[in-house]
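The same subunit A turns up in both complexes below, where it pairs with subunit B and then with subunit C.
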Partner chain A sequence: MDSLAAPLEVMARPQLDLELRGIRKRYGDFTAVDGVSLQVEKGQFVCLLGPSGCGKTTTLRCVAGLEEPDDGGILIGGNEVTKDPPWQRDIAMMFQDFALFPHMTVAKQVGFGLEMLKKPKVGIAKRVEEVLKAFEISALADRKPGSLSGGQRQRVALARAMITEPRILLLDEPVGALDYSLRETVMLELKLLQQRTGISFIWVTHDQNEAFSLGDLVVVMNHAKIEQQGTAEEILRRPATAFVASFVQGNNVFRGRVTGTSPDVLQVETSAGRFYVPRPPDPAPMLGDAVSFSVRAEQITDAPSQRQANRLTARCTAVEYFGAVRRHIFERCDGEVLKYDQFGAHAARIVSGQTVQLGWQVEETVLHTGAPG
Partner chain B sequence: MSTIRVRSPASYWLAVPAAAWMLGVVVVPIVLLVWVSLWGGRTFSPASPLTFDNYARFFANQTYIKLAGTTVMHTVMLMAVTGVLGYCIAYCLVMKVRSPGWRLALFLAFIIPFWTSTLIRAIAWVPFLGVNGVINQLLMSIGATRSPIEAFLYSKTGITMAQVSLYTMMAAGPVVYMLSSIAPQLREAAMTLKATPLTVFWRIVFPLTLPGVVIGQVLVFLNVMSDFATVATIGGNKHALLSNLVLLFYESSQIRAASVVAVLLMICMLVGVIIALRVVDVRRLGVER
Partner chain C sequence: MIGWKGRSSLTAWVLGTLTVIFLAYQWLPIFTLGLLSFSGPTGGTTFPMNGTSFHWYQELWRASVMNDFKPPLLRSVLLAAACSATTIVLSVMAAQAMRGQFRGNGWFFYLMLLGIMAPGILVGFGFAILMRLMGVDLSWDTTTFLVQVSWTLPFGFLTMLAVFNRFDKRVEEAALTLGASRLSTFRRITLPLVLPGVIGAGLFGFSLSYDEYARSMFTTGPDATLPLAVMAQLDRQLTPEIYAVGTTTTLFSLIAVTLCTVAFWAMRRSTSLRRT
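Right after this comes the complex of A and B.
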């Protein structure tokens, strides 16, 4: 095997396209990015997800070199680039409103990157033609951005960024400016493009559907920090903090204090009642510690049996339909909202105004082990 | 709120005051001017026959032709100086002054002098440029020169210095507007496409501000061509441009000759504006974003 001949170090650490080492960025009193560390493997699709103002765009701009972090390091392809200007980095970027040059034709625009790399003119013209064809915008070659539709602009911006074949493509809300009906098609195309080219994508979005359907790695940010990073499934199934649990759709979050411990289970007293959660490996919360936990809306049942040890009684205030899912909104005794999802087409058993007992299994309860948000 | 349709009777009636004003102060005087410039004969009266004799007389005189050439050269030189200087000032104001408060303060400092009349501002240069003027005092106090430089006042240099100061902001103003309407993302996008700052300027920023540059140049061109006040006050009676010729003829009651020069000056300016409009479609400014 060839790999046996490779130096041990390389084998031990797969090549990283991007590494952020505790980057920090302040604007006066406001901390935009606070110690963000991230490792992006070669050809990975990473989504930075978070509410507006959480620091995801600033992080992206630091990677692009458009902002210089006050602290920390940035490595692209293993090379330290923290102080390098954007034009010396092996990246390309797609901007939220596409930032097309209004005075250049589509062909000129798409060839701009190659022109900057001082490629021969004939070669540029040929490559531009190929790329325009690949992105199905050949017909627009002589048009200026002012006369293009949103979808066409998006394609031009993408072609302009991809033509230089960067190591990493940074995308700042790339489909945010598109019509809703266009988004899913474009997202799928981008995902396929990313898989075909093997270029790492770093996609900034506030839309969790985008992040969960596209990202190999989803990084959830809040208040300038990373709350959790993992696959979509990890983040959906096992939210690490109360923030992630409440930011991600379909979770019911509870906060309380530990009032009893056993080797397997913690007893937590909350304003909505007493519940049991699986005890995590040490260091587990101690008696009296403040903790938060969550349970997904689809894990709840309205006919709890012996197995559903966590129970509460609540009044249904609304029933919503989402295709295959029927979502019931309940009011807990402490006034907070509880969501309960029912799959399948069976007849509605609960109507608005009804008070019922709900329950779920202790194993389905997720204790938040990250720092409480 | 109701809107008035473009071709409704109301819109025509609303245009009447402005149209009447323009007719009275622009159109009628120009027609009169052209008419007078064509009067032939020996007597100065509306009954005179219409000929091109006055124009022929102007073009037959080498001195006048040379003066017209000097005027154009002087104007082009001023356009170049104020264009470069104005662009630099505009660029610094928009790109380098980060605080909006400072930007406004500096911009006001530049434009407040425009609240006084051109004549006053021209005269204000005399104590600066004179033999005992501020500039000479300063130069002598720092030891740059022993005896005062006389070339500042009543000279071509003095005229140029004063006019540069008077008209630089005219060149800068439209550029300030165009520069501040360039989205920062455009420059950033160019940088992520491997363009160095200098390339970003020449390929992105400058082309996008070109309409502002052209408008500024038109303003400077029109003002310098018609500026007799600065030339008269700073240049003394030693220097003259085409516009001073109008004044000279007028003061010596040669109304027909004055009209001829005025009409020719006007034609020069029109040609200048037409050339500028060929370069940049001013009506479409800011539409294509």
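Right after this comes the complex of A and C.
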């Protein structure tokens, strides 16, 4: 065996801006956050993604200090802050509806953070002026939030949060309150701002497009737990659980039992038929184990050759055309839906009502190695 | 045959008329008193009026009569101001505590409201007996003050609860995450935003205390408040002078309320919540 054990990892770990160590939060019988652990490297853009009620906002509020976890630890910049109040943490937060102070002018509320730091008045006025200019809201300095548009409020809220240059900016659905047409512009601006300032962003959203287009690290949560964390590509291409696979768009999920194993391949019997999936490294599922796997809609073909060993016959129930993609909805024999995406401007080959044999390669089948959701 | 829109505007007319009649019923007695306070020197306290004059106002201002009412007036104003200030402080604190949802907050709520439910005359009488048992001397600035606060506080408390009910607590959270301590947050964010409600609680405290009779009757001791002095005067002799007192106080209250309303409106305008 390896007699020369690998030397202990002495390599300096990049400094962490945030570390969550198994935090838990209960409200009566309801567990909002159940043992969430997370490491955010310096200047990382992290997106917490999940359906409503999955605990992502509570996690964010624990980081802010607005909630105190029942259990576990929170470290900001390497310092334990679990019991510290919000005003002693090196963070700022942007709320969903921005939570601007209705009685303060824009200039006053942008300067609020510095005022609380007891900075000299002259310095504050100067800095506020700079920041208002940087966020292109100088013209609004004397206005009150009641007279601002959604986009303007968003800028004011951002300027107010960024002025003290916190280590971490927490954003709770920051573009959710904006008009759809404005969102993409604002998202791009925020991404550029994050890269320029090197401040870590923790962005809570239920919108996977936001999470995948922005996050260096995407953390998918469900039922108070983290299901999977990784880059957008890892999560989209290798979903770890059936929940992640069905939550992110474009996956077809199957559940079944292992009925045969070989060194490379598992044979799985499902209600929609028998399929082959690549055998993962040990500990691999054993004969008779319940497993789930998925295949992306764009990996399916309607003209399977020998290479596409996984086959399925299904009836097409709808065809949706999105320009770059033509999505076919099929009904599987077990009543579930199967999606098949065709790229490019091919002419339609399948029409609604047609029964077609579909297939995909074993290698494109992703076995879910996390706990089945 | 008229359509449902027409019928509903007809309903609006009927209900509107009823409301106007009700308001007249509520306010006409006061106008009557006001009118009678301008009757001539030989005038009585009933219609028809005997001439018109400012005689009773002059009488009111003259030393002999003023001396009867001046000290009670001063006491009542001081007492009302003290009740108002106490109501403001205690009701804001109590409402803040209710927001925190402490153990037994339901009981606390009902105990606070007991001050409104309990009949004033019984509260005053019981309190007077209790004070006597404890050997405490009755006085307008101690015992009366306590009893009246138990009456004004629940009104202030309900006002503040209603205000906090509509309060967006995320603006406080935003302040906390921007580095403001809880005290700074209260001073800079919470208080300015609920100030209209605080003014309302103070107004309740003042006006409820100023004309309180039942609770003061047994608890005031030798130095009477204005309502007690007025009642005593009514017992002795009924002249339009009393009406002059009433009219003057009503005017005084109206001016105070108007000023507060204007202030309130100005506040609202400057803090109008997130409406474009």
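In the analysis below, the second predicted complex is superposed on the first by the 362 of 373 C-alpha atoms of A that agree within 3 Å, B and C clash if a C-alpha of one lies under 4 Å from a C-alpha of the other, contacts with A are read in each partner's own complex, and residues count from 1 in each chain.
Heads up, the rule we're going with is that contacts are C-beta pairs under 8 Å (C-beta built on N, C-alpha and C of every residue); 3 or more make two chains touch, one makes a residue touch a chain.
In this text the structure is predicted, and so the values were computed from the model without any measurement.
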Notebook entry, point to check: Does the subunit A-based superposition show subunit B and subunit C clashing or fitting?
Noted result: clash
Note to self: By the touch definition at the top of the document, which applies to A:L148: first (subunit B), second (subunit C), both, or neither?
What the structure shows: second
Margin query: Tell me the contact category for A:L117 with respect to subunit B and subunit C: first, second, both or neither.
Written below: both
Note to self: From the superposed pair, tell me which subunit A residues show up as contacts to subunit B and also as contacts to subunit C.
What the structure shows: 64-66, 85-87, 89, 91-93, 95, 97, 99-103, 112-113, 116-117, 144, 146, 160-161, 164, 170
Item checked: subunit A-touching residues of subunit B, taken from the complex the two chains share -> 183, 185-186, 188-196, 199, 203-204, 207-208, 287-289
Margin query: With touch defined as at the start, can you tell me which subunit A residues reach subunit C in the complex?
Written below: 64-66, 85-87, 89, 91-93, 95, 97, 99-103, 112-113, 116-117, 144-149, 160-161, 164, 170
Next item on the list: Show which residues of subunit A lie in contact with subunit B when the two form their complex.
Entry: 64-66, 85-87, 89, 91-93, 95-97, 99-103, 112-113, 116-117, 144, 146, 160-161, 164, 170
Notebook entry, point to check: What does subunit C use to touch subunit A in their complex?
Noted result: 168, 170-171, 173-182, 184, 188-189, 192-193, 270-276
